[in-house]
Every structure is written in structure tokens, then in C-alpha cells.
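Per-chain numbering from 1; labels A, B, C, D and E assigned in written order.
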Amino acid sequence: GTKKNEGGVQKIIVGATNQFPQVSFLDKDGKLTGYDIELVREIDKRLPNYEFEFKILDALPSMLLSLDTNKIDMIAHEIAKNPERDEKYLFNKVPYAYWKNMITVAKDNNDPIETLDDVKGKKFLTHASSSAEQVLKNYNKDHDNAIELVYASGDVFDIAEQISTGRVYASLQSDFVLPVIDPQGKLKTVGKPLSQSEILFLFRKNDSEGQTLADAIDKVLQEMKEDGTLSALSKQWLGQDFTTAD
Amino acid sequence: MIKLQNITKSFGRLQVLKGIDLVVEKGEVVAILGPSGSGKTTLLRCINYLEKPSDGEITIDDFTVNCKRPSKKDIHTLRGKTAMVFQQYNLFRHKTALENVMEGLVVVQKVEKEEARRRSIELLEKVGLGNKLNAYPSQLSGGQQQRVGIARALALNPEVILFDEPTSALDPELVGEVLAVIRNIAKEGITMIIVTHEMGFAHDVANHVVFMDEGIIVEEGKPNDIFVSPKEERTKQFLKRITPEGVYSI
Amino acid sequence: MKLDPSFIWTALVELLSAVPTTLNVTMVSILFGTLIGTIVALIRIYRVPVLNPIASAYVTVIRGTPMLTHLLLIYYGLPMLVNGLSDSFGWSFRAASIPMIGFAYLSFSITSGAYLSEVVRSGMLAVNRGQIEAAYAVGMTTPQALRRIVLPQAFAVSLPNLTNALIGALHGSTLVFSLTVVDINAKAQIVASTNWKFFDAYLAAAILYWGLTVLIEQLSGLLEKRINVYNRGGVA
Amino acid sequence: MEVPFDISYVFEYAVKLLPYIRISLLIVAGSLIVGLGVGFLAALPRLYRIPVLQSLSKLYASFFRGTPILIQLFLFYYGLPEVLKLQGIDLSRVPVLVFVIATYGLNVGAYISEGIRSAVTSVDRGQIEAAYAVGMNGLQAFRRIVLPQALAIAIPIFANVTIGTLKDTSLAFTLGVMELTSKARSLGLLAQHFMEAYIGLAIIYLMISLLLERAFQFIERRMLRHEQPISSSKQARSFKLWQKRRPAPDASLNKGGQ
Amino acid sequence: MIKLQNITKSFGRLQVLKGIDLVVEKGEVVAILGPSGSGKTTLLRCINYLEKPSDGEITIDDFTVNCKRPSKKDIHTLRGKTAMVFQQYNLFRHKTALENVMEGLVVVQKVEKEEARRRSIELLEKVGLGNKLNAYPSQLSGGQQQRVGIARALALNPEVILFDEPTSALDPELVGEVLAVIRNIAKEGITMIIVTHEMGFAHDVANHVVFMDEGIIVEEGKPNDIFVSPKEERTKQFLKRITPEGVYSI
């Protein structure tokens, strides 16, 4: 579905949301910005053959559906790789962040929690189609639906509120998302990371143009890793360098 | 006995009744005539307190309401002593003929249901509708509806029945049915006040005729006096207009 | 993207489990909405001092703003209010003990109440004035006249509008997902998250909503026929 | 949520929201234009009882009135291009606003077709007979006698549909259209002042709704000039509490209303 | 001259007109009487083709329509020769009195607008509404509305004007206005067929009276013959019922 204009520059529509603070959001002046957004802009600078344009959508389901239906060409939304997604979609190869799924509970929660086995029978807040949902669903499959999933629609941005008031017990969050969704520090992470996944861009599968683009982006990302741009961006937006694996 | 004293009614600045005095003896049938807008309907509605008079006193038998400041209970008692038959029938549309007649007995007078049914059927038979007990108003002709209206009024066993042009919404051919029923009731000695345009009927049935214009009673008296030799100029004019070209000659 | 009929079927079956939630939210909001609506309608018809302007303002504001804003305002505002009150009076009650669906009940009832007040009001005004006069004339009190004569007829007159309000509430209930309540719409998104066949899932949801709507219309049609027996003339 | 409520944000946000009224109104206006056209076309087969087309028109109205607009948005935005792609038409890069307007337009059309139908049938039959009696043919009677009166009767329906659509635009954010609601969400997110942002949003919607309502009332009064008796003395005898004026039963909860 | 031959009309299985034959001479005024449901309205509507007769022939002057298979043009021509005054007036509600009268002239007869206005004003003045040219129907009393209806019919300059109970939707006091206007038109020699319940008026104005019952013409003749010495039993019965107890004596 991408089209070349006269100069041979190819236009790429990037799906993003405006609801993810520090990653993809509108700043005070109404400008779309954040880690993923600025990263794509940097890639844009380094890839003269491509021109990137953002398309704002409300949540992951819409983004996936838009990718399916050619309305966008790639998604930049802290997408974690997992086998299920890998089967249906194309990822690039060089991660621009690493996502560690940690059990996140209220700050004053002193239950001894190390693994999901310690929270059987509790309510977990999650989003449909998120990678955390996948982790939980996989666990449930092997453990007789031991964890109760509560789905948020992404409309109400109040994970911290729901956990700290005890509406739900916990949620799976990445270490670096926590300060973003919980600016007032009502939550904490416990135990060891349940999983670590690579954060990548998402493309349509079986699409040669998509493959070419992914490869080109990989090359640039590798460069950016080497010249320190990537970790600088991460520190600027996420407060820490999350761009290397443990 | 009904006694109206100085009944006055204004709508905003418009004074519609300018102090009506009227005495109706028990068992009397009074016909009220008068041009459109003269206040006939308003007077009737005041007696039943569907319209609140601005001033005056209404006495039925030994019960008196001062219209300046009546209590809710007064109004209720007054309405209990009167019954109204409307020009547009105003039957309860979602109830059958029988239910229409029973409604007041059961809900207001707390008559036992079976007893109410028995009395209602009797009344409907009296007005010739014994075969229409379970018909809804929409399934009845105008004349039949009005007869149900009359039965509903009779059921309450009121001191006085008020009729506001009971036949003027009817096709000419149905008028007869209703007038016949009223004529029969009159024979039974029930007090009635009837606003009507049917001169022949008024002449026939009424013991007393009242002619109103512009909110006052212009003239009243025996039917023969009023129809044959009215004293007031306005009465003469009116009677001439309403019986044009000798079509109605009495 | 290709349609997958077998998945649409699977989705449809799975969505059925969310139907009770959807109907629950719908019915509760209509029942309480009717209650609120009737009270508001009476206040406005009888021009009750003080309450009348408040009732009018309520109707105007609710009808002038989207249902979504009502939901969001209740969701964010009510806890502020409840917790604020609890703090100043030293109660131990916290907004967190209100179940999520409670916010939906409250917010949707408030929304429906405004619309239903107009439905009830127009229904009552459509009842011929002569009916209430006749009721007075046989000696009924105002509450008796309203209950026995006016409201039954108003209900019959308003049935089509009530049906519309019911369908509106059914469709509006799609918003409850914002509160983590899983209705048909939410279930569609969740069902699709196993294989990302969102379109198929939405199609299944559309079929379900459509079916429910048609069912409501049919039932109301039947009811209307029964109730309106008295308006069919001609038997005599 | 422990961020205290601050009224000054309400005004700040309301002002910041103002420019986004444009997008919302654009959607409303666009879908009304589409809806009027479609609605009129869909009403005709049912007014004239054209076989087949009549059933299609019924099906169309039933579907759009029978499903939530949120679901319709998804189906059309993502489904329609796929269907048309099979016909070799590529719509995948058509701006989202076009889809939004098309979907709302079809939705509006369903309500308008019903409105037109009921308005036309409510013009009393005697008028048409009188038109025939003075020698008009069917078309003349429709154009000169029925239509002008039907339009006047339909104004409240149009008003409801318009205001209903305005409120429905609050759902367009799900497809990423940056309209009022979407903007309010991101404003609230930024400083965690959700309450203030949504109150600001409600105020803006209320203002537009009231303005639209006034405008329609004005039009209705003009078009129904002929129904206003000069002397109301006889008719005006109203039961004290039982005033004659009947509010237009409001369809807009059904018309999305979200 | 109007000639109806064997006009028949059924609604479903119900035969409402069972073969009506009637001849009306030019300038004649015919009154049609009969009980409710006898088919009077239907007959009138058939003459104007608002109702399609099942069978029969309608001739006006030298123009004949065979009702079995009329062409659109035939219907149009027939309607051009007749005009109708409706019981419920049926004025165009969104047009002023003047526009109501002009409408047929301008749209159907393609008369020039200024000329149409001139003629319409003249006619409205004739029916006594020179001061109501710009009033909408909702601003006129029933009697005034009906007079506009008559002016609208006259404007078309028809061979015959059909009146269906033109006064029965009016308050008793307004009836006079309209009857007076019709009486005047009658004097001008315009052919008219009038369904009416106003016996006095029928007697006064008609040259010819037709009594219908159950879809047939039971009796017809000069007014004096029909009213004073009807031959048929049914006619006698009807006249007795409609003039109960000597109220109307002629």
C-alpha cells in the first residue's frame, strides 16, 4: 500500500497513540512527542529514502486492525515481541528497548510475592492484546485459570488508582513504564522479571516493502546504538537507559 | 337544593363571570342558554370546581364552600355531591364501558367490587347499553359514549348532575338517543343543570330556563315565558338568531 | 485481511456470555431512568417551585452533552466527592468500595433519566386534558387520577418512545468498557486478542446488537398491540 | 487522583478546546449533508411502496438504527475498504475523516429517512385530496402541498438528529480523529486534571447543543408561522397545570446519544 | 348537465353504491339526504374521482368518462370540471386564504399570477373575507375557513360544485354564515350538489332533493314533495327521526 512520490521518497504511515506519557503523547503545546516518536523522527532523518508520518489511533486493537487493513505501514508503540505476535506480524531485528514484565502492586502491599504462583486467585488489570495479557493468558492456560483477568479498555488511565485502592490486586508492567503511569509513586514492582522481551517495531507480514523497510530501520538502529543516540533518547524520555539487555 | 351566591371568575384581566346568583330546587331541571363565550361552560365548571371561582359561595343542601379559600377537603366533598357529563364525553379511553362506570364507585366511594359491578350493569342497561358492557369508548358511537358518560355520572348518586352541551358533539341522528335518556332521568326527579343549544329539548324538559350573556344572568323564568315572551332585548335577539327563518318554531 | 466465518461463529458464541452484562446495565439504567424521569416530568408539568428550574437544568445539561462525558465525570468526580465527604466526617467509607459497574448504573441512569423525563412528559401531555377533568369529576384526588387514568394512557402513548430510549441505552452500554466492565463490545475486543481478528469479532458484535434491537422492537410491537386494544375502534 | 480539583483549569481547558470545535462541527455538517441525501433517497421507496427497494431501505434503516455507532465506525473504517478492494478500488489511504463522515452520514440517513417518512404521512390526507380536487396531479400535490408541510413537521427530528450526531462525534477519537473529546483526554492526561478537562468538555458540548437547538427552534417557528393563531382566546383555555405545549419526544438517546 | 349512470362502488366485499343513476340539469341545486353510512360521501367523491368507482359512467356536459378504464387524462379533465368543498375544509394549512384560492388557478390552470390574485381577491370579497386575505387557516374560525374553501372551489370556475356536509363541522352559530354564502351562489345559477343534514336549508335552497339509503336512491323529487309528503316508508322514517318531536316543522 505505500506509494512513491516523484523524488523516489517513500511515505510510511506510522501508527501511534497519544495516550502513552513519555512514549507517545501530546505535550503542553499539543505536539506529538515521546520516546518512540522522537526515535522514529531520528530514523526519518537518517533514512532519506523514506518519509515518516504519524497516524494517531486510540489503542492497540485499532493499531493492529489498521496495520491489517493497510491503513498504516508500521506501529511504534513499545510493542514487545512474543511468539504469538511473531507468528502473525513481522518485527524488525534490532530492539530499541527491553521490556521486563514485573508484577506491580500497591506500595503498602507487603505480601511475599516472587512469582505468579504467589498471586493465584488475585485480580490482575490488563489490556486486551497487550503482551502482559499474553503472559498472563499463557500462565492461566497451564494453571487452570488461576488468575482473574480484569480488562481495561485504555480509556481510563488509572492503573495506579485501581491498584492502590485495591480494586485490582496487581498488574504486569515494565520497570520503565511504572514512573510514567504512576507519577505519584503509589505502586512498586516485586519479584524478579517474569519475562524479558524485546521492544520492536511491528510491520505486516509477507510484505516485501515492509521487509525492506524493517531492514533499513535495523541498520539505522544499530548505528544509533553505536553512536549513543539511542541511549541518550532513552535517558531523555524514560529517565534511564533501557536499551540494553541484561 | 343548590344555591350559588355571587360566583365570580376572571381569567387574567378577562372577567368571565360577573357575580352569578342562582337557586335550584331539589329535583328541578335547569336549562342554561346563551351565546358563545357568555360563560355557561365556565359556570358549570365552577360548580364542580374544575375551575376555581375567584369569589362567591356554593351551597349544596347544607354544605357550603366559600370560594375565596376552600380546603382540599371542601373541594373533594363538593365534587362528591356533583357529577358532570361532558360535551366531548371524556370517557376513560383505556377502560371499557363497564369499567368507566365502576371506576368512581370503586376508587372514590370504595364500594365493593362486585356490588359496584352489579350497580354499573344496571345503570348501563337503563341507558340502553346492556349489550355494550365490554366495549371500549373507541368502539362506541358518539351517542353511545355520551350515554356511558351519563351512566357514569348517575353511578355516583350525586345531588346534582351538570351537563355541558351533552349533544352538540353528536351527529344529528344520534342526538335523539341521548336526549331521550336525559328526559327519562328528569322524570325520576334528579336535579340537573343543562347547558344546551337544543331549544325544543330545553322547552320540553326544563322547569326553569336561564339566559346568560357576558357573564351575567340576563333573564330567567319558566320555559314558556322565556321562549314565547322574553322580556329582555338581548334574549329576543338571541332567540331570533338561533332559530333562523322559523326553522325552529315552538 | 479475509473474513473467517468460522471465527465469526466462535466469536458470536463467546459474545453470548457478555449478553447478561449488557442487558443488566441496560435494564438498570432504564428502570432507574424511568423513575427519575417520571419524577422530573411531574416536577416540570406541575411547575413545582424551586425544583422546576433545577429539573429543567438537569434535562438541558444532560441532553446537551455526550453520554461519555457523563460517564467520565461520574467516574472521576464521584470518588473525589465521596472521599472528600468521608474525610471531613471521618467515615471509613472509601469510593473504592463502589463496584465499577455501580458507576455505570449511576451514570447511565442519570443520562436515561433526562431523556425519559421528556418521554414521560410528552406522554402525559398527550393524554387528553378531558381525562383528568373527568377523573376529578368522579371525585378522584390528583394522585388517584394520575395513577389510574393518566399514567396508564401515557404509558401506552409513550411506548414507541420508551422503546427508542431502551434501544439507546442498549447501544450506549458499549461505553462501560471504559470502566473495565466486560459487555458485548468489550468481549469482542478480548475475544479478538487471541488472533487479532478484530473485524470478525466486531461483525459478530454488530449481529448480536442488531438481533437484540430487533427483538426489543418486536416485543414492544406486541406489547403495543395489547396495550392499545382500547384504541382500536369499529367492533361496535 | 489526589491532585486537588482546581477550577481554573476548567476555563483554561475550555479555551484550549475551542479550536477543536471546528473538527466536530465539520463531522456534523458533513454527515448531515450525506444523511439528508441518503435519507431522502431511502425514504422514497417506502413512501411509494416500490417492491424490492422498499425492503432494502427497511434493512438499511434497521441496521443503522439497530447497532451501536461505535461498532459501525469500526466496521466501516476497517471493513469497507476491504470489500471494495475486491472490486479493485483502493481506499486504504483515504483520510479517516472521510470514513467518519461517511459512517455518521449513513447513520444519520437512517434516522432522516424514518423522519421524512413519518412527517410525510402525518400531513393530513385531506390536504392531498383537496390538491387533487383543485386539479393538481400527484407530483404537483407532493411538491407544493405535502413537502413544504412535511419539512416543517420534520424540523424537530432534524434537530434531534443533528444534536445527537454532535454528541456521537465524541466517539470519533477511537479512529484517531483529534476532535473535542480526544483533545480533552490528552489535556487531562498531561497534568492529571481529568475532572477539570471533562467539565470543560461538557461545557463546550452544552454550548454548541444549545446554540443548535435555538437555531432549529428559530427555523421551526418560521416554517410553522402558519400554525400560530393570532387570537388564542378560545383555544387558550388551558387547564392550569396541563399546558398544551408538547415537547418533541426526543430520539437522540437512541440516535447514539453517547 | 351532469349525468351519472349506474355508478357502483365496492370497498372489498362491501358494496357501498349499488348503481346510482342521477341527472342534474345545468344551474340546478341538488340536496342529497340520507342516514349515516348510506353512501352520500362516497357518491360525491366518485363524481370527483377521489374515489374510483367500480363501474358506471359519468357525463358532464358532453364529456363522458367510462369508470371501468379511465385514462389519467380523463380523470384530470373530470376534476377540472368539478370542484369540491370538504366537510373538514381541508385548506392548505401552509398557505394564506388568498394563496389557497390562487393555488389552483396558478398551478393547474396556469393563469398569470397577477390575474389570479385579482380574481381571488374578488372571490374572497364575495364570500365576505376581503379583510382576511393574508390570514392562515389556523387564524380563521371554522366558518371563515369553510368560506375560503368555497372561494377556492369557485375560483376554478367549475361546471359543478360538490359540497359534503359543508356546515356539520361548524359551531351552531357559525353555520349561518356559510349557508348564507351558499344561498347566494345558488342564486347565480351555478350547478351544485350538496350533502347536508340541514333540512331547513335543503328545503329553502334546493330545486331537487335526493334521498339515499344503503347505496341506492330511494326517492327523489321536489323539496316540498319529499319533505311534506314522502312516498317511501324509509324516507318517512328518516325524516321523523331527524326532526324529532316536531322541533323542525316546515
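As a working rule, a contact is a pair of C-beta atoms (placed from the backbone, for glycine too) under 8 Å apart; a residue touches a chain by one contact, two chains touch by 3 or more.
No experiment lies behind these values; they were computed from the predicted model shown.
Colleague: Over the chains that touch one another, what is the least number of steps taking chain A to chain D?
Modeller: 1
Colleague: Trace the shortest chain of touching neighbours from chain A to chain E and give its length in steps.
Modeller: Minimum step count, chain A to chain E: 2.
Colleague: What is the chain whose Cα centre is as far as it gets from that of chain B?
Modeller: For chain B, the chain whose C-alpha mean is farthest off is A.
Colleague: Counting C-beta pairs in contact, which two chains come out on top?
Modeller: C-D
Colleague: So how far apart, in whole Å, are chain C and chain E when each is placed at the average of its C-alpha atoms?
Modeller: For chain C versus chain E, the centre distance works out to 53 Å.
Colleague: Measuring centre to centre with CA averages, how many angstrom lie between chain C and chain D?
Modeller: So the centroids are 20 Å from each other.
Colleague: Any idea how many Å lie between the Cα centroids of chain B and chain C?
Modeller: 46
Colleague: Please list all residues of chain A that touch 2 or more other chains.
Modeller: Within chain A, residues 65, 68-69 contact more than one other chain.
Colleague: Indicate the residues of chain B shared as contacts by at least two other chains.
Modeller: Answer for chain B, listing residues that touch two or more other chains: there are none.
Colleague: Considering chain D alone, which of its residues make contact with at least two other chains?
Modeller: Residues 1, 74, 78, 82 of chain D touch two or more partner chains.
Colleague: Show me the residue ranges of chain B that touch chain E in the complex, using the header's touch definition.
Modeller: 35-36, 168, 171-173, 175-176, 179, 197-201, 204, 241-242, 244-245, 247-249
Colleague: Mind listing the chain B positions that touch chain C in their complex?
Modeller: That would be residues 48-50, 76, 79-80, 82-84, 86, 88, 90-95, 103-104, 107-109, 132, 135-141, 144, 152-153, 156 of chain B.
Colleague: Over in the complex, which chain C residues touch chain D? Could you list them?
Modeller: 1, 45-47, 60-61, 63-69, 72-73, 76-77, 79-80, 111-112, 115, 118-119, 121-123, 125-126, 129, 132-133, 158, 161, 164-165, 167-172, 174-175, 185, 198-199, 202-203, 205-206, 209-210, 213-214
Colleague: Considering only the defined contacts, which chain D positions touch chain E in the complex?
Modeller: It comes out as residues 124, 126-127, 129-137, 140, 144-145, 148-149, 152, 225-231.
Colleague: In the complex, go through chain A and note every residue touching chain C.
Modeller: 61, 64-65, 68-69, 88, 125, 128-129, 133, 137, 150-153, 155-156, 162, 165-167
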